[in-house]
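Two complexes are shown next, each including subunit A; its partner changes from subunit B in the first to subunit C in the second.
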Partner chain A sequence: MFEILRKIWQTGTVTKRQPLAEAAGKYRGKIELDAAKCNGCRDCVGICPSGALSGSSDRPQIIIEHHKCVFCGSCADNCEQRAIKMTNQCYLEAKDKQDLIARIEVSGEKCG
Partner chain B sequence: MIQLTKKQVVTRLLQALGKKIVSSTLIREHETEIVIEKTYLPEVCSYLVNEKQGRLFTMVGNDERQHLGSFVLYYVFSFDQIDHFITVKTLIDEADPVFPSISVQVPAANWYEREVKDLLGLRALGHPDRRPLVLHGDWPEDQYPLRKDFQGPVARQSDRETTMQYEGRDVTEIPVGPIHAGIIEPGHFRFGAVGDTVLHLEAKLFYTHRGIEKSSEGLPLSKALFTAERICGVCALSHAVAFAQAVESAAQVTLPPRALYLRTLLLELERLYNHIGDIGNMCAGFGFAVGISHGARLREQLQQLNEQLVGHRFLRGVIALGGLRFDLAPAEIRSVSDVLSQVEADFDQLVEIILSHEIAMDRMATTGVLSLEQAVDLAVVGVAARASGHSVDIRRDHPYAAYRQVEFPVALQTAGDVLARFNVRVAEVKSSLLMIQQVIEQLPSGAIAVPIPAIKPYTQAMGWAESPRGEVCHWLMVGPEQTVFRYRIRSAAYSNWPAVPLTVPGNIVPDFPLINKSFELCYSCCDR
Partner chain C sequence: MENQHTADLELSLQTRIKEVLGNSLHIRHVDAGSCNGCDFEMMALCNPVYDVQRFGIDFVASPRHADMLLVTGGGTRHLEVALQKTYAAAAAPKMVVAIGACACGGGVVGQSYANTGGIDRIVPVIVYVPGCPPRPSAILAGILLALDKLAACRAAGF
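Here is the complex of A and B:
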């Protein structure tokens, strides 16, 4: 019994309060697409395993549905233009699902 | 003594079967395939298991009507002593979709045969239990989702599920679940209890069947890897490694040594965070809050280490087909040994506290005994098997990654009770720490991945890994254009669940959560 109490005393409080510090450096969070760099090749759309990225065929646009993303980072790895990167952002909650859908107009010629 | 080649050993092993074998081929270095007529199934399988000490590794039913014109059953047996698998293949005609059951001779085949009936409509004649397993009783009897010509969705019908009926008036039936009070996943347990003592337990699972095997059909291999990673939360990396190994084996590529060593390092990190968390969680079975909290705290430290290393707390997204997706820097590898040395000291204190606690010992010892015979008969794997004295460890028996290069003891206990499973986990934490140290010392430099060449359609291959709960086995058949044709996931939970109801009778009802925790089986990778 004494040992247990001593262990508890030694350990102290380990719970941390929100908001926590930033996520780890390698953490794969919210995707960011730089519209200026993107050439609209849509490799990212093809590689995405969960269908979070899509592009409409009639206009140069990439749609990112953040609620479908599984944060694997394949899109960022495969983007030859380095237009997509995984950020450190881990707080993605939203009241409306529409807020999680980003429609990004890109300047690529290959679109459409 | 003359050294026999592997082919000679296998030939001798199969000698007694003689003319029953239509053809026998060595399809890979570690795998022989024999084709037999379906009438010989019970005889051949019983010979391999009961006389030659083979272990039912997995069984796959496959709809190959498109290119072969019939259904195919594969029974894979593992021969641990000679590091070899023998696959028994048999063709089943569409017009006569039945085959003789082997469950009476080989009890481990029970679930597999019921599943093949549910998903492919191939009926095992003479099977002692004809109830549905995967698809519950409200699924129509003539709809088989794994057939290639299946058209969904189907209309459900009235339930035809039955449970054990007790005749004596003294037996109280206690239904528990499928919705539980804790954060446990869905499973229905029906106890037949006399007073406080359990007489009989029936477990009904597969409430969260997601049809992963069906939904991954036709997926490109690189995308199917992400599905494999998400079969289960806690053995994510083991599943990913097993799938990647199946693809690598089909493509016949050799991985660079650095990738193999890093995979071993990460697999052991996965075992560590699970085992330490589980040791804490087992304390919940007897309400020992100090143990739970300390277990959770240590697990958190290890998961934060995972996040630092690969960017994901469950080690997802690090495996690629043919190696790893990114390398670990020397500084990161140094941080592994720093964190682990802290955790080890803390962990020793935690184990000391639990094992010196009288109530903990009283509750754990002689509770939920799984005998060696039961473990062998049901082909139980992992911690549960080793705690009953069944020495199976696929890291030693069929080494993969860099397990051939590191030395480690296989933890073995003979009591088969909750305490034995606790002790096996403690010993495995120690051997994981030992292994990680060896990996860090020996870690070679160089490339971390090789490209995967095009794989011939309808190539079959297996991948396996020892997850924290036991071995997982992924059986894969590659279809046209580098897609998945058939994917069979056999997780540790799938092998071990049938053993749990056997260990409960004779114990009191409040012991069940403790017994269940000591097996620590997950529902999601059993249900898939």
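Here is the complex of A and C:
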């Protein structure tokens, strides 16, 4: 009993005053695609386990569906151009699903 | 001192809940076939770190008491009917918030004979909170956004 009270006293207040704080720097959040670096090889499309990335064969475009992404980071790890990176952005809530779909035109020299 | 401690979010959340709903916000959690990752993050909202009960948000056992349904999981075939029934039983305004990649768009499970691939194929969704699982604070931000949308619906006369 005394031990517990002592631990409570030592721990102090843990409740966050403002819960809507930024995530830790290493948190894997929203992915970011740099259209200037990407060459449209679509390796990331093949590796994505949740089908969040897609691209049509006739145009150099990568479509990111953020609502499907599971933040695994495989695309960022496997992109040879280092065009995709993970950010620690975790607030992605949206009223409309269309807001979560990004269509990015890439340079696409090697596309096809 | 206690008031000072929680002042920041109280302004945005508690007053908003009072404005939109009258008093407090009651939430019913519906598991529509999740892996439990999202459920744990959601329950973390009640732990001492986030402690959402201080803002007047509570998780209730019956959908009849709930203003909002937080749905996790991609809507598996077994739980499709359960979700429909829970939605029908919830008190109006029925706000459905999809929590996690599974509920928003199928996640790693995707769309198949056993999984609907997003609960918006079963019930209307008001706010999507992506993530696998989303952080508790992101869920809280989603709840806040849902209140905005509800206020807009009320103003438009629905």
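Throughout what follows, the second predicted complex is superposed on the first by the 94 of 112 C-alpha atoms of A that agree within 3 Å, B and C clash if a C-alpha of one lies under 4 Å from a C-alpha of the other, contacts with A are read in each partner's own complex, and residues count from 1 in each chain.
Throughout what follows, a contact is a pair of C-beta atoms (placed from the backbone, for glycine too) under 8 Å apart; a residue touches a chain by one contact, two chains touch by 3 or more.
Since this is a predicted model, take the numbers as computed values, not measurements.
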State whether A:Ile4 touches subunit B only (first), subunit C only (second), both chains, or neither.
first
By the touch definition at the top of the document, which applies to A:Ala23: first (subunit B), second (subunit C), both, or neither?
both
In the superposed arrangement, does A:Val70 touch subunit B (first), subunit C (second), both or neither?
both
Looking at A:Pro49, would you say it contacts subunit B, subunit C, both, or neither? Reply first, second, both or neither.
both
Regarding the shared-chain residue A:Leu92, is it in contact with subunit B (first), subunit C (second), both, or neither?
second
Examine A:Glu105 and indicate which partner it touches, taking first as subunit B and second as subunit C; both and neither are also allowed.
neither
Between subunit C and subunit B, which one touches more residues of subunit A when both complexes sit on the common chain A?
C
Using the superposition described at the top, list the residues of subunit A that contact subunit B and also contact subunit C.
14, 23, 27, 49-50, 70-72
Taking the complex as given, what residues does subunit A use to touch subunit C?
13-21, 23, 27, 29, 49-52, 65-72, 90-95, 97, 100
Spell out the residues on subunit A that touch subunit B in their complex, using ranges where they run on.
3-4, 7-8, 11, 14, 23-28, 47, 49-50, 70-74, 77
Where on subunit B is subunit A touching in the complex?
222-223, 225-227, 230, 290, 294, 297, 300, 304, 307-312, 316-317, 325, 349, 352-353, 356-357
Can you tell me which positions in subunit C touch subunit A when the two form their complex?
5-9, 48-52, 54, 101, 104-108, 110, 120, 126-132, 134-138, 140-142, 145, 149
